[in-house]
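Structures follow.
After this come two complexes, each holding chain A, first together with chain B and then together with chain C.
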Partner chain A sequence: MTYLKATTFLIAAALAAPVAAQQAGGRLDIVVQPEPPGLMLGLVQNGPTQLVAGDIYESLLRYDTDLVPQPSLAESWTISDDGLVYTFTLREGVTWHDGTPFTAADVVFSADVFLRETHARLRSSLAYVDSITAPDDLTVVFTLKEPFGPFINAFETGTMPIVPKHIYDGTDYANNPANATPIGTGPFKFEAWEKGSYIHLVKNEDYYIDGLPYLDEVFYRVIPDAAARAVAFETGEVDVLPGGSVENWDVPRLTQMDNVCSTGNGWEFFAPHAWMWLNNREGPTADAKFRQAVMYAMDREFVKDVVWNGYGKVATGPISSKTNFYSDDVTIYDHNPDKAKELLAEMGYDGTPVRLLPLPYGETWQRWAEAVRQNLSEVGINVEIESTDVAGWNEKTSQWDYDMAFTYLYQYGDPALGVSRNYTADRIQKGSPWNNVEGYDNPALDAKWAAAATMVTPEERAAAYLDIQKEIIDDVPVAWLLELEFPTIYRCDIKDLVTTGIGVNDGPRNAWIEK
Partner chain B sequence: MSVFIVIVSRLAKAALTLLAIAILNFLLLHAAPGDPALVLAGEAGAADEQMIAQLRERFGLDQPFYVQLGKYVGSILQFDLGYSFRQGAPVSQLIMDRLPATLLLTLTAFVISLVFGIALGVGAAARVGRASDSLLTTLALLFYATPLYWLALMAVLVFSVWLGWLPGFGYETVGANLTGLARALDIGRHLVLPALTLGLFFMAVYMRMTRASMLEVSQLDFVKTARAKGLSDAVIRRRHILRNAILPVVTLAGLQAGQLVGGAVLTETVFAWPGIGRLMFESLAARDYNTILGVFLVSAAMVILFNIVTDIVYRIVDPRIGARA
Partner chain C sequence: MWKRFSSNMGAMVGVVLLLAVIVVALTAPLLFPNGPWQMVQRPFLAPMAVDGLPLGTDTLGRNVAAQLAYGARVSLLVGLVSTLVALLIGVPLGALAGFYGSWVDEGAMRFTEFFQTIPNFALAIVLVAIFEPSLASITIAIAIVSWPPVARLVRAEVMSVRKREFVDAARLAGLTRPRILLTQVLPNTVSPIIVMASLMVATAILLESSLSFLGLGDPNAMSWGYMIGAARTVIRTSWWLSFFPGIAIVITVLALNLIGEGLNDAFNPHLSRRRARAGKEKA
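The block that comes next holds the complex of A and B.
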């Protein structure tokens, strides 16, 4: 009881303290890199678009840094005991930026009509959905065909952005002229986009939560060169460098400046997980012993400390430790060149060279590829680095024209959303760089992945995923590298910028500047 | 041959050349790995067959190659550069949006390099062998040999980060809502570093070329004659030597002018200048076919146009050229 009281008091204090201090006004300049191709979040979901449009569009729920769902457009929600019926009660008095009232019809249109056609990632979750209905203007009911545990994670802004029915219904979505001036329900309104320079958002004065947002305006600045982005922060031109906007070796220099803070939080929902595709179909990488040897040969701690400046965590397997159902009760691959040599000798590796495709996302990835090549050559594996640009990388990986290829993928909070897609045989499809590119085919595990997705209780699911992790980690279908961490760097007088599992993407909603 | 006929025949040839360039660009670009649908799908972080098929259909990439080429050539012949599906806008509009910024930058650099290059070259030639000449030639050599990229970064570091005199990047102060003269001054301040960076290389080239050419011409017999007539040094330099020495500089200036539209990729990237060079580079990375082809075509047209202009300038500077042809 004492404990309870103390906790209650602490929570009350925590809630009360900042409220008194929050100050309205001011502007934020945030780097966006590269320039987004468009801002209509229902049509385009690449990183830069999510960063900017996350202030314009909203979804039913938000997720804190522990991935616990929080209210957003939905005020409250219930899930039936059988895990089949999700009922959302919407917030009253919400309007679109053009003044039209927001209703349950918008939600049904977005999820059932618009996004079904445009959103590849959501489509795979919607396959479990039987019907989406709106019994009244403030209630939406999703009824599933079978239980789908991760469904509660599908209501994030980049996953299920709610788009205005009155603007898009019956139109050609991709060519709707309104795409140039996006209309959402979010805390900021689209104001202007000077292509090549900046995107300007202004405060939504009619936002449905009194007092929010605190900021008057947000500028997303397009600065194409990584060194220039660092300079822009140094000279005070920009206030926020979202994760990944500068090269890693600039991070220590910038964070040592006065009044500069950084945080690794705000990526929990995405949990970027890096690995090398190992082509399971042909060449030395088709042999599980070779793949295990690669795991033992790599000094991943070194890469974390040197190439990534200490940011991140060595991955133990397919599921990120930030994602639900992670377990480290598995075979751990340490840096053990002797073991790697033994395995190579056992398989009878004949020195056939393997081609390594780095990720063309800047110097860090190039250096990482060089570190891996050195590690592998130390145990006698011949590696040839093949470099290409982003389009070439997409082509080579999606056409399976590689031996080893760097990549990193988001996990979206649940193994059934962001992990199983890379390992089950039904996702072996040429033409996409994001599915089972390595060609791992294990029917017994496929059945376990499928079963784990549709179990009702978290306890059952945890047990099922532990079983899967133990088995797949011994097979090494891909060479898991690091759980990446992209620090967000910002001026310390900006408060409450990163409060959710998607970080800066919906950060300006609550952010304020201390004067 | 009159100048008029020269221009007409050159323009006719230019149209054919442009068409050939357009087709060649199209073939080269489609030979590069990847396509815009795959890049867009890749950026989304998730993709299924339906999505990629939808995108290909929208972009017209599902049609046979010769149909795509035929359509492209057909629309070019109607002066239509096509539509950028990635950016959701007509290519001509994308180019026109970026053109003012690029022309401001490249023209400023062009004028700076030409004026100062020739002036310093003439000055150095007049003081040949003296300390000031050595200093100028050494500086010119330095700027000639330094990579543009490095020079740009150093300029930002010194004048923007350390001294804080000039903005290090961008086209204008974002969100300042300046108008009229204040805005012009603001853009001018942003223009200084990129224009100097871009102009220094050609300035060095013009200077060295003017100096060498001046020295060569000054040894010729007609200069001795002029001197014997008792003309002043200044008149001889301007009317007799410079006019004859300037031809190679005109040739090179024609080349530089051809790059006014597409030649500032690096400078625009380092200084975040919202111009055509960056549009081209970013479109190339995204395989935004229509946009790249559009920029290539406009750049090619500029090169051809300035070749013609250069030829005409030749005739004005040296009337003998027209008479001989």
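The block that comes next holds the complex of A and C.
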């Protein structure tokens, strides 16, 4: 325990005062797209809210780009050998932005009361939790009903934002007037929000790590049009384009400018994974041979290079290489049209047309669908693209009215959090465009997924997930495409912007501008 | 008639251009047997950069020349079919309204006005969005927004023709009214309809391109509007992707307009002579 404390303290010290001379001061203009519906991270957890509110709110831990937990509000932590008791020691001298001291009671209130009610994704992890207690002001103990390996990944800002008890206890959370002026413990304080224009955050002078943050202020700029965002970056009006804020085709042009850097890092925690749902219920896609043929027919390397400008990685299976327990010791589907033709001949594919539903998120996804259609038609599969808007896409996928449909989902660091939900039968839900939309039903694998989630040691879990990956990859319930990377584009004199697994979301904490 | 038409320089240029587009459209499968969607080379190759790709490649490395050729098929097909359908709706309605008058006329014209009050393009967008974009739905949508002027034109022509003496003569000869309409009146309204139809094809091609540009084209059919729409995001780095389909649209629409103008002059020699004289006087 003391040893752990000592090492984590060292890490914290290293983060706080590294050797290179960081320079304090300056302001950062970051694009936020679209404008967030609200900034109270405990109530709203969509992408833009996480981007902005990740500077205001904090959780117990942070995660580096290898998803190794780092101290944040918790200074150190221990997990009991049976995997049931998580004990966190909180940092001393932390205050909320309004000056009230932060204590263990805030953590218990947030996790046990507030977020249980408001945060659906966390709720499914909290189902494993028996009790959350605060023996003293600086200690929080989570006791689990059964071991749940991925629980250590639940302490990320967007997953478990710690909210102030003194403001929310006993109130109607959704209608609390304080939601408009969020109060957190983070490195930046909320200053102003000019709707349709910008959100202004200023440095938290009382931040509990000396010297941090370096920046004086951060502006999140709302610019509704993708081309206008690219121009704003070119003219120097904004300094940072977070992933996905400009069209992919603009990325090479912008990154070739002077003093412009880009990185694909900062998405490790989310690990956005793209695939095509193949309708397992009916039509040619119900045949595993057909699904394997689709995998061999696609030239995914080409799509990565051309459509995604080389960002990302060809997916080998359901688990992203950035997520824990990934293995590439599985059947690899390379681009092999002959093999695809063979498989189609074996199954006796008769040319029945299959419908392909692109994701209605702009040109990139449309081009991707065209490339897939061309690949498939080259091996003799008859593909028709259906065009649709977001509402139509939701309707068709949730009513299972499709043959092949593009999608991508986050993985949250652990297969039990973000992967198994897409393949187990209990997540088949007509009316929902999420999770097991393809209708894959394999009871033997369901049992394996469930067992792997509650194993105690990482070694056991790794073995279990390897077994699962080998089996499911041969079955091809969905056609895995790419591990997506949304490049963050920024001026090179901004340093240390992307240092964690959630990238720009909590990046301004350590960022500094070289003068 | 043909003599007058063929002596019109502009009209003949139009015919030659249109024939060229038609030939390209018809021979597209022979020239590019692999279709317009095949990814043949590196993306964003400039025109003439590589042998065999005179117009370069697009965002996915597809042959722009092949796309243009197949796009011609879609443009011409949609233009012709939607005009035919519009004529099938507009001509009978206008003829009945103009010939029978009274409440038939009232009813038909109110119905027509109902369609005329909604802006063409907005209505076309709504229709395509409702029916899901496909060649059939686009063609029908264009037909639905373009028939009202036809109905009005035919009505006016029929109204003027039905008062002529030969119509009275036909009635005295004992012909039934529907027969008079079909055999005596309508044939005398054909020339303005032909002129109008040639211009409608041009408008339909523009409408189809605009719809595709907005992403409401048939995703399985290569069209010029689609090409420009897809090239819009890269217009600053790859001009040729929007330039060539743009030129193709200009040429085709110009050709059809020249032909329409020539037909108009050929059918109305008095008008054209008067115009020529007026031109000279001005000069």
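Just so it is clear, the second predicted complex is superposed on the first by the 494 of 515 C-alpha atoms of A that agree within 3 Å, B and C clash if a C-alpha of one lies under 4 Å from a C-alpha of the other, contacts with A are read in each partner's own complex, and residues count from 1 in each chain.
By our rule, contacts are C-beta pairs under 8 Å (C-beta built on N, C-alpha and C of every residue); 3 or more make two chains touch, one makes a residue touch a chain.
Note that this is a predicted model, so its numbers are computed, not measured.
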{"item": "Touched partner set for A:Thr352, first chain B, second chain C, both or neither", "value": "neither"}
{"item": "More chain A residues in contact [chain B versus chain C]", "value": "B"}
{"item": "Touching partner for A:Glu384 - first (chain B), second (chain C), both, neither", "value": "second"}
{"item": "Which of chain B and chain C A:Gln374 touches, first, second, both or neither", "value": "second"}
{"item": "Contacts of A:Thr255 with chain B and chain C, given as first, second, both or neither", "value": "neither"}
{"item": "Partner chain in contact with A:Thr133 - chain B first, chain C second, else both or neither", "value": "neither"}
{"item": "Partner chain in contact with A:Arg27 - chain B first, chain C second, else both or neither", "value": "first"}
{"item": "Touched partner set for A:Ser80, first chain B, second chain C, both or neither", "value": "neither"}
{"item": "Chain B versus chain C as contact partner of A:Ala227, first or second or both or neither", "value": "both"}
{"item": "Overlap of chain C and chain B interfaces on chain A (superposed complexes)", "value": "227, 388-389, 392"}
{"item": "Footprint of chain C on chain A - complex, ascending", "value": "226-227, 247, 249-250, 253, 302, 306-307, 358, 363, 366-367, 369-371, 373-374, 377-378, 384-389, 392"}
{"item": "Complex contact set, residues of chain B against chain A", "value": "32-35, 38-52, 58, 85-89, 94, 97-98, 101, 153, 156-157, 160-161, 164, 167-171, 174-175, 269-275, 278-279, 282, 285-287"}
{"item": "Residue ranges of chain C touching chain A (in the complex, touch as defined)", "value": "37-39, 43, 59-61, 129, 132-133, 215-216, 219-220, 230, 233-234, 236-237"}
{"item": "Chain B contact footprint on chain A (complex, rising order)", "value": "27, 29, 34-35, 37-38, 44-47, 120-121, 123-124, 174-175, 179-180, 194-198, 200, 217, 219, 221-225, 227-228, 231-232, 234-235, 237, 388-396, 398, 409-410, 421, 429, 431-435"}
